[in-house]
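Each of the two complexes below includes subunit A, the first together with subunit B, the second together with subunit C.
Now for the complex of A and B:
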């Protein structure tokens, strides 16, 4: 949900000078008082709801429970219901396929732009970086609406452009084509929109990482007659591996749970195009017959997937950051 | 043309291409917002309005959407975003000071918790938080929304500020102590000015979190007069899907403050990003 906000939080590499000499300080109440407010808020607003959602996924929770009636335990019934439902697997497939395509495209585009920014002259680089920042700063709601307009039917720019192309290449009738009627075109637009919004962060991070690589390495490699391709894989990539690791994790987290953009361009009425987060939300809030338990079970599945995919890298970050 | 000039030209062309791709959708939004309807729905679109008009902006500002003035939504958004920034910034600074300056029991546990908690998809928590706020009778209030945003902004803010606090030389604080400053005074006079760039960076992120957020606001706030700007925009778009002029005008009004904010502080932000995270 933090969107660009969590951008940097886990970019590694910094060895915290940390509590270097604090051994001399007597442990007192001070640090506990300092973290207390944050700890309380995080516990109440993040940790407790995580436990609740786990619990609710084994319960039948509806509108009555909002009025305080106790929830009925149903064991694994919610999980049995979703896992046995073909529609769940459709949303599951949408989630995975979208994440794979969007993450790959984002990392590829972001890395290329990052390399480009470092290769450009100083003023040109600042100019392009300024433009890239604008894409980064655009709120997800606005971005989704703009792309819905670009791909719209009356006056939409993309349909007009595609119709300008010769018919043997692009076909015809694009100006009347509804991009949001079926899943494949919907997800095509969604992918373009999400990649457009997320490549800037990758580019800026790669650029920041590249600035830390000593130029002598490249010069030495150039003297030895290496190609640009070799220099990237033999110098840049190994040195920036931690940065790429973190960017991969962040992209995976963001793209697995993409919600806002799909909610805007496709909406709750268009069930065929649901992904897991929209499906879970719709079960809970999409109709008058609220099924919070079922929605929770879907959210748990989504969370477990994200945690499984990111577990390896989370461990890596913990080690690198010298937290322990 | 020798190889070096060719390379320069190729790179600059690619750079301009990237710039255009990045900026174009936003420019198209602004351009559409100024176009009269017959130009918007023309079968041969033009990049710039031939006869620019303020009519779509006037419509949005005068409460053409849901009968509530734009400025009411704007005020709600501003209250929520500013409160989130202020509260999360203050609390994060306190906690970051604790983890960067002291070694205490559960410090590691606390840090690992901060990291892991951010892996949980926020959308997954909308159900339990909805039910909790309902029980606390805080569902339809901006205060409840601010509390949730602070919760989401805190782990990241603490994590990021930690590096900035750790980078302040301890000798400065010791010198202040020798000169007779107490801990509170040292904090405000020595530590705070030096971590200010870090605070700016985290503030931007929490501001954008709160300003842009749709799902929680959409789920929690039921009254139009409590709604924030993203809800207004979503509502407007869902209700009158093809009325692109006013929709783009409203989108422009939501987006420009963020972009302006971003561009003014970008230098500091990028350097903060680098100093705080990528390399020390």
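Now for the complex of A and C:
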């Protein structure tokens, strides 16, 4: 996933600054030598562990095995145990639903802010961009702790604000409302937190894309009496389609495997709110008797889902680019 | 910024750890000659009191081993499990470590801790260690750790409110509800905190009613939560939230530290259950109210005291340590009667020496006496199975069952599921 992210993310930048594609001609050795060091590092840090996870998912692995005892091969037992567990499907549903909602919200908020940034003057645009990038730069742990406080029961800012609103509008008793007792409110907070952290990247990417669109197009459209809505769908969106495609894939990848924020705001004591990552973590590391085999199997399932989704979209993007 | 999947990141760590440990198989003691330093793991965040105490222990240790430096590393409790696992896998452990008393069996089973049976027999003061606590550190006739400090839970309350409202410390479950209701009516704050992620406290109610999580029947663990005594107790505890409504919904899915403790200190909840060790934390939140806090033991259903779970810490020598003899020397100094008592006092725990406990030191302490009283009435441990770590750590069976009941799910269904889990997890 690491390498995909890198390669895919480079696309918008390259299109905007680099010369036209010339890689179609005979392959040369030079470029490959240049990426060799990063390939080596990636395979040591990523490929090797991924292969290990794949292997471990067919084994029974605990701490003793890590000390050198041979691991027992159990075939498909880990997968059978997971897929036969009704709880797996609960976490699966949570993962998918959350990804759908969070990705949509992220792209929507990011695009709107991107458009806003391009409409603002130079200085204001830099100011706003700097502001939203702070949210993006915030480490997930920090963000999760802040949101857990915001929605907390003792001195939580959100409960306090909602209680300040008139009762007919917001109801009352928010100060004592437990946001993390049931899945729906938990995921509401989680969505806000994750979208807050990830929309700035979308916004800045959209802004970068917009900078590449020739101003004459908009001017001509304006002369013809178009509305802003039309200009977006007839000019901006078609031209930035590859950018949106990449952003969509990246958001899907990120939101499918959200772990840190949920782990902090909800934790292991609320199994009814688990997603796949948390389920895998609880099986592998939740108890003193580590079960890396089972946890690996869950990680493999999660990875396969993300890969499948990514593959579909990446194909779509490549096709569209080929046509364009 | 590229975010790894958590599993991949963890696997990276493990992969590195595995390859790292291939070369050096440790375990053989290097005898003779003092090492340049030994590494000691202590749980917690290194409070000034803790640091000062350990500096004193180090000075005492260095009188005997002047050439050896002592390097103390603090490990926050929530990270202890992973730190241990990584260290076992990678051979990068300490020489001496603090270890939670409920974890000793699991870690010993996983080859983390050294067998110190023979060393213990040569330690004079060690002979006075509490037999019950020591039994918890023994497996198959061998000793893997020495009890260091321990404590039990009881109910914290606001003495001034009780005085004002004419409430006596309750001695029955009905009395507990009545007191909570009165506080709720007169003070406008929730009467009592009943968090659901609170297995060790919830079990007191189960034990008080003659029930248990699981019992061993002819060599096999059988879950017993769905049987009447345990069921009635769970129903009572969950009912504090759902039926009697004297405990708020805001602690559902939480533990006693995620809200109740702070709220109690700030006067936003009438009573809450916690150990004596909570006092330093409570004072940190609201020191000027400290004189108004009191403690009474968790009551039995219709009188008497509920048996309590004994939590605490033990000290062990790491199995991969190269300097086990020196490490054990340090352990005996850290756990000497004088030092163990001094440290237990700063943490508001009790030392584990029977003669010290019986010496009457704690009789006149307004806070500690209630805890000592509770401990005297009967200390219980959770099932001595390696699978308890899965039942409580990974699956959090009791917290999730209690949470579901608090939220209106069928108690019979939830407890039946819990018992099935006990059957499969405790017998592995």
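Structural remarks
The criterion applied here is as follows: the second predicted complex is superposed on the first by the 272 of 324 C-alpha atoms of A that agree within 3 Å, B and C clash if a C-alpha of one lies under 4 Å from a C-alpha of the other, contacts with A are read in each partner's own complex, and residues count from 1 in each chain.
Please note the rule applied: a residue touches a chain if its C-beta (ideal position, glycine included) is under 8 Å from a C-beta of that chain, and two chains touch if they have at least 3 such contacts.
Quick caveat, the model's predicted, so the values are computed rather than measured.
Of the two partner chains placed around the shared chain by superposition, subunit B is the only one that A:205 touches, whereas subunit C remains out of contact.
Considering which of subunit B and subunit C touches more of subunit A, the answer is B.
In the overlay built on the shared chain, the residue A:162 is in contact with neither subunit B nor subunit C.
Looking at the shared chain after the overlay, A:282 reaches subunit C, while subunit B stays out of its contact range. When the two complexes are overlaid on their common chain A, residue A:66 makes contact with subunit B and with subunit C alike. Within the superposed three-chain model, A:316 lies out of touch with both subunit B and subunit C [touch as defined at top]. Within the superposed three-chain model, A:296 lies in touch with subunit B and with subunit C [touch as defined at top]. In the superposition on chain A, A:96 makes contact with neither subunit B nor subunit C. Judged by the touch definition given at the top, the superposed model places A:47 against subunit B, while subunit C stays out of reach. Of the two partner chains placed around the shared chain by superposition, subunit B is the only one that A:30 touches, whereas subunit C remains out of contact.
Overlap of the subunit B and subunit C contact sets on subunit A: residues 1-2, 5-6, 45-46, 48-50, 52-53, 66, 68, 136, 140, 152, 154, 257, 259-260, 267, 277, 280-281, 284-285, 292, 295-296, 299, 302-303. Residues 1-8, 10-12, 14-15, 17-18, 21-22, 25, 81-82, 84-85, 88-89, 103, 106-107, 110-111, 196-197, 248-255, 259, 262-263, 266, 268, 386-387, 389-390, 392-396, 399-400, 403-404, 407 of subunit C are the ones that touch subunit A when the two sit in their complex. The touching residues of subunit A, counted against subunit C in their complex, run 1-2, 5-6, 45-46, 48-50, 52-53, 62-64, 66-68, 136, 140, 152-154, 176-178, 180-182, 254, 257, 259-260, 266-272, 277, 280-292, 295-296, 298-299, 302-303.
Touching subunit B in their complex are the following residues of subunit A: 1-11, 13-23, 25, 27, 30-32, 34-35, 37-39, 41-42, 44-50, 52-53, 56, 61, 65-66, 68, 113, 116-117, 119-121, 124-125, 127-128, 130-143, 145-150, 152, 154-155, 157, 160, 175, 196, 200, 204-205, 208-209, 211-212, 243, 253, 256-257, 259-260, 263-264, 267, 277, 280-281, 284-285, 292, 295-296, 299-300, 302-303, 306-307, 310, 314, 317-318, 321, 323-324.
Across the interface of their complex, subunit A is touched by residues 8, 11-12, 14-16, 18-23, 25-26, 28-29, 32, 40-45, 91-92, 94-95, 97-105, 107-108, 110-132, 134-135, 147-148, 150-156, 158-160, 162-163, 166-167, 170, 183, 201, 205-206, 208-209, 211-216, 219, 230, 233-234, 237-238, 242, 244, 247-248, 251, 254-255, 258-259, 261-263, 266, 270, 273-274, 276-280 of subunit B.
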